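Mind looking over this structure? Questions follow.
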Amino acid sequence: MKIDKEILKKIYLTAFKIRKVEEEIADRYKEQEMRCPVHLSIGQELVPAVYSMFVTENDYAVSTHRAHAHYLSKGGSINKMIAEIYGKETGCSKGLGGSMHLIDEEVGFMGSTAIVGGTIPVGTGLGLSIKIKQENKISTVFLGDGSTEEGVFYESLNFAAVKDLPVLYICENNMYSVYSNLEVRQPKNRKIYKLAESIGIKSSHANGYDVEDCYMKLEEAINYVKENKKPFFIELDTYRYREHCGPNYDNHIGYREEQEYKKHLEKDPLNIMKEYLSDESLDIEEKKILEKIDDAFTFAKESQIPKYENIEKYIYKEKN
Amino acid sequence: MKIDKEILKKIYLTAFKIRKVEEEIADRYKEQEMRCPVHLSIGQELVPAVYSMFVTENDYAVSTHRAHAHYLSKGGSINKMIAEIYGKETGCSKGLGGSMHLIDEEVGFMGSTAIVGGTIPVGTGLGLSIKIKQENKISTVFLGDGSTEEGVFYESLNFAAVKDLPVLYICENNMYSVYSNLEVRQPKNRKIYKLAESIGIKSSHANGYDVEDCYMKLEEAINYVKENKKPFFIELDTYRYREHCGPNYDNHIGYREEQEYKKHLEKDPLNIMKEYLSDESLDIEEKKILEKIDDAFTFAKESQIPKYENIEKYIYKEKN
Amino acid sequence: MRELTFSKAINEALETAMRIDDSVIKYGLGVTDPLGVFNTTLDLEEKFGKDRVFDMPTSENAMTGVAVGASIGGLKPVMTHQRLDFFLLAMDQLVNNAAKWNFMFGGNSSVPITIRLIIGRGWGQGPTHAQSLQAWFAHIPGLKVVMPTTPQDAKGLLLESIFDPNPVIFLEHRWLHNMVGDVPEDDDFRVAIGKCEILKSGNDVTIVSMSYMSIEAIHAAEKLTENGISCEIIDLKTVSPVDWETIYESVEKTKRIIVLDTSSEFASIASDIVAKVSTKFFNVLKSAPQIIALPDVHSPTSYHLSGNYYKDAKDIVVEIANMFDKNIDVSDFMTKEHHDIPGDWFKGPF
Amino acid sequence: MRELTFSKAINEALETAMRIDDSVIKYGLGVTDPLGVFNTTLDLEEKFGKDRVFDMPTSENAMTGVAVGASIGGLKPVMTHQRLDFFLLAMDQLVNNAAKWNFMFGGNSSVPITIRLIIGRGWGQGPTHAQSLQAWFAHIPGLKVVMPTTPQDAKGLLLESIFDPNPVIFLEHRWLHNMVGDVPEDDDFRVAIGKCEILKSGNDVTIVSMSYMSIEAIHAAEKLTENGISCEIIDLKTVSPVDWETIYESVEKTKRIIVLDTSSEFASIASDIVAKVSTKFFNVLKSAPQIIALPDVHSPTSYHLSGNYYKDAKDIVVEIANMFDKNIDVSDFMTKEHHDIPGDWFKGPF
């Protein structure tokens, strides 16, 4: 393993945090108090966990409907996220957005939205602002394989290439868009990262279940954007364990093979990292994380509900 | 020259017809009776003229704001086109569409519209209907270099590739979108046909000012679509002599060099073909064409004007 | 007659259309998946094959243009989008092509496509999954816009939409999918586009309504009847073109009107109906016309906010009672455990 | 005060905004070309450099999303589209992102972008170059929609739009670009968004109007005055949010209203204003409210059709005369040689 153990430990713990938050949401979803759609990232934690090693709160990131992991990896507050899913006043979007619309500008998480492809140009525009303001940061766009079918993906990459914008596109390819396999949506044998390259953006590919590969390639990608102030596109293969939206497993409904799921589970990066680290001190850290998560749910449940009278004030921002 | 003289003669005469129609429009535009925007194809006649050799009225074609040449090359009626530009009842669109919205379904010209990129998916959908109905024809989409910046271009090619649709995309690259050079719109050194290839469609490139190259490559492209019932993309370099929209020259206003224009004029395919053919019988044929054009203007001017009372009936097609 | 859910009625309409006409094709995200777009597309792929029934790339704009092209090539495409909000990506192809095609080519070519859009509500659908944009579609000449309320109309109108030579936007309110109602046995049963229906006759006030709001109107009318106010409920069914005659006749009789809309109010279908009636029946109306629509605010996600945001039978009762200077107690009328679901069948998340 | 054309006033507003605030950027097709978007963007690139003023790929949707991103990154982007119709490609980014951003993130982040759209008319612009979709934009919560009529307002409102923390749709009617009017000397002169203006006071009828139709209203009002009808003309200036107070006060005084709109009528701004006034001033109005808008038909290209399609001062005079049961002869009122151009300066093609 080319990764230093201390670093690996951090990666592991970030991935662990993400998974446990998600699992807790899944477990408590049946209580019917989180009354909004949730798209969980269980199975997809490694990429954001590794990503978190290379960026700071100063950098920007935007994401999609499946944003919990990205929000957390960027340093977003667990309390505010859980409160948001509970629709509380203390939520990161004051209850107006729910799971699909997260924001935490304090840590550079500039927003996630639920329209497929919708934030790709937004993250690109953040890159434009960095360039024009000559700031020392990068903008990251998290996107799924499905979103690369939207014209706006293509238009955004074209513009980033024309203008040399400091944007990192991280495409998590989990093979599915809802229940649709890649092959009914994109030409066979076409690699997304190759396509990005031919649009005009340097690109690479990594195995999102292999922590070493993931680490090296993401480091390379991020350094490229930082040093050259040019866009980069990286595609990482990954897999979601649960249903597209909601807390359950859905291997039985017929759009994918149970076998496929099991194959991925066997290579689960969290298990592999934990085994490799075989570090007893991890237990203490894990416990701390679990407590924080528990606290977040308590915080969310006990938080005040938002007042309807206030919602009109969010329609327009007031001039100051 | 690998092209048979008889064939070349036909190509020349089609190109001649297109040019003379366009020049006549330009000459008479100042009379202010053609009161709609016109985008002339003077300088760009070769590609449609060659194209006309390989398709029949049975095949489909759609086009853009700059459609006169495509309409004519597909066999569209001159009379109806000129009448349309004059806003007359006898126009191909009964005066409702004008120069930017031409149609002649009898010859398979299924429509041209003025929104950049707007007909790319339409021609793709025609390909889908051919496939589902198992018809023996192809669908052609004429498009400009600028339109390849629209997301809908990318989405359409992706779909054509996924579904193996019998669609030929003919991209006439005249280097400009209105007054904007390619380089402010697309990454340097990126070839449009290479991009199409990487989206998943077989493609090629030809010099749209070289009749031989144009002929060979278009023949190859069309045969490919017919035989394989798969999409093909061909990019042809060409040049417009006049302003983007309207009857005048615009080399003096500063967005391009007079020199560039002159360089193209020297290689003008019509002059070259005519010289090479050095066939006196051409004069007679040319005269016939000029007469037809003259007749078309007379027809247009003398045609009835449309009645306002009727326009509501075009809002919905009646059920029959 | 038999009882069917709204979803099943749609599924039947699709099945019938595809069976009686080979040129009908059906595509959209989720059309072939195990859930079959809230059960509406189940079994179609099996019955009619992969050529005619298929999933698609997430490319809403091009796929709308593809429908335009396929239709002028002789097919009758029926598209679906799981939420209206997603279809905002396709406004160019819808408006600049589909809606203008027949007109801009002087009637030479028309675009017989049907686009099914689902209006979301409840369980935190929030700002990007709950828009109700019928006013947009109806504002565009050349589109027909249909909003069925009952399973019967869902089937009959969908069949009529598919075979209409023009582009039709077919709007399904998510809260109607599981509602049950009588549907004629007749396989190819049609309901005319452009005609509204008097769901209940009455003398005192005309309630013009659409889609899910008509259900709330029915409940409200019962309560109002108990209180001596007789309502005539007109279910619009088609919001463009509107069946003005039926509305005008009713207003002529009742001399009072209230219009209910599932969308936000400003520049809505409801405001247009009130405007037309006010212009034409100025001397007839006995009291000010009214509108109940959503506020000019996006749909908030939180359960704690959506309750006040959406309007229901209570609001209608109160507003109509006001028109008659009455006070009707609605404090325990139609109270349900959770305001954000249409019934127990709805378990979230979509 | 000095006289400027509407175009020049816009050019000045852009110049001022960019000079006083480094975060203002300007892009769009044609922004740097020799014609400078009907002269409105001339010299900006030279003055402020290629980083802040640039042409763009023909990618309307992404470039709108880029504006959203740039704005949350601290810039104030001003985009232009040469025709509103082209902007239909960007409805997703406009509505799902720009309009919802501040709301869906609970006020944590807003989108200060300005989008200039030009409404085409005349010289055969036809179905794809002449749409007037203010009703669409105004129907969406979270957008501000501005439609200046005078050069003074063009400048003052554009400056205000650029510095407003919300997304503003700024609609320029092509027929106004060459109109001349007084503009204050003050460099950074502002006109408030959300306020309409009484262009002319009067007692007998309130004309509510917008953009180019206000010019027609002024001519009509003169003719009507000659005939003893005193009109109050309210130029809306902002169509969302509407300045209801000013309209209501005027109606309270005149007790009659007619609303003029540059768009087709169904579900328009005009119908909403009539609906609101009818609901609130039921007992005040002395005659039926009226609307003059375009028919629910696309704009036909032919010169021989567009004359009847568009409405002008004559139509206004006739309609208002009707309200008073009068007959005013308009047979040779305001007749010009060609109906399809605003004046001799307009030589086509766009």
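Order of writing sets the labels: A, B, C and D. Residues in every chain begin at 1.
The rule is short, and it goes like this: contacts are C-beta pairs under 8 Å (C-beta built on N, C-alpha and C of every residue); 3 or more make two chains touch, one makes a residue touch a chain.
None of these values were measured; they are calculated from a predicted model.
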*Please identify each chain that touches chain B as well as chain C.*
A, D
_Fewest hops from chain B to chain D - one hop per pair of touching chains_ = 1
*asked:* Going by average Cα coordinates, which chain is farthest removed from chain C?
replied: B
*Just how far, in Å, is the C-alpha centre of chain B from the one of chain A?*
46
*Quick one: report the Å distance separating chain C from chain D, using the average Cα coordinate of each chain.*
31
*Interchain centroid distance [CA atoms averaged], chain A/chain C, Å*: 36
*Provide the C-alpha centroid distance between chain A and chain D, rounded to the nearest whole angstrom.*
41
*Enumerate the residues of chain C that touch no fewer than two other chains.*
56-57, 59, 61-62, 85, 88-89, 92, 96, 103-104, 126-128, 141-142, 296-298, 300-301
*Shared interface positions of chain B, touching two or more other chains*: 91, 93, 95-97, 101, 113, 115, 149-152, 155, 158, 162, 184-186, 311, 315
*What is the shape of the graph in which nodes denote protein chains and edges denote touching chain pairs (line, ring, star, complete, other)?*
complete
*Mind listing the chain A positions that touch chain B in their complex?*
149-155, 158, 161-162, 184-187, 190, 194-195, 197-200
*Contact residues on chain C for chain D in the complex?*
61, 85, 88-89, 91-92, 95-96, 99-100, 103-104, 126-128, 131, 133, 135-136, 138-139, 141-142, 240, 263-272, 274-276, 278-280, 282-283, 285, 287-291, 296-298, 300-301
_If we count contacts the way the header does, which residues on chain A are in touch with chain D in the complex?_
60, 62, 91-97, 101, 103, 105, 110-111, 113, 115, 118-133, 139, 151-152, 155-156, 158-159, 162, 311, 313-320
_Residues of chain B defined as touching chain D within the complex_ = 32, 35-38, 87-88, 91, 93, 95-101, 113-117, 146-147, 149-152, 177-180, 184-186, 245-246, 253-255, 305-306, 308, 311-312, 315
*chain A-facing residues of chain C, complex*: 29-30, 33-35, 54-62, 85-86, 88-89, 123-129, 295-298, 300-305, 307-309, 340, 348-350
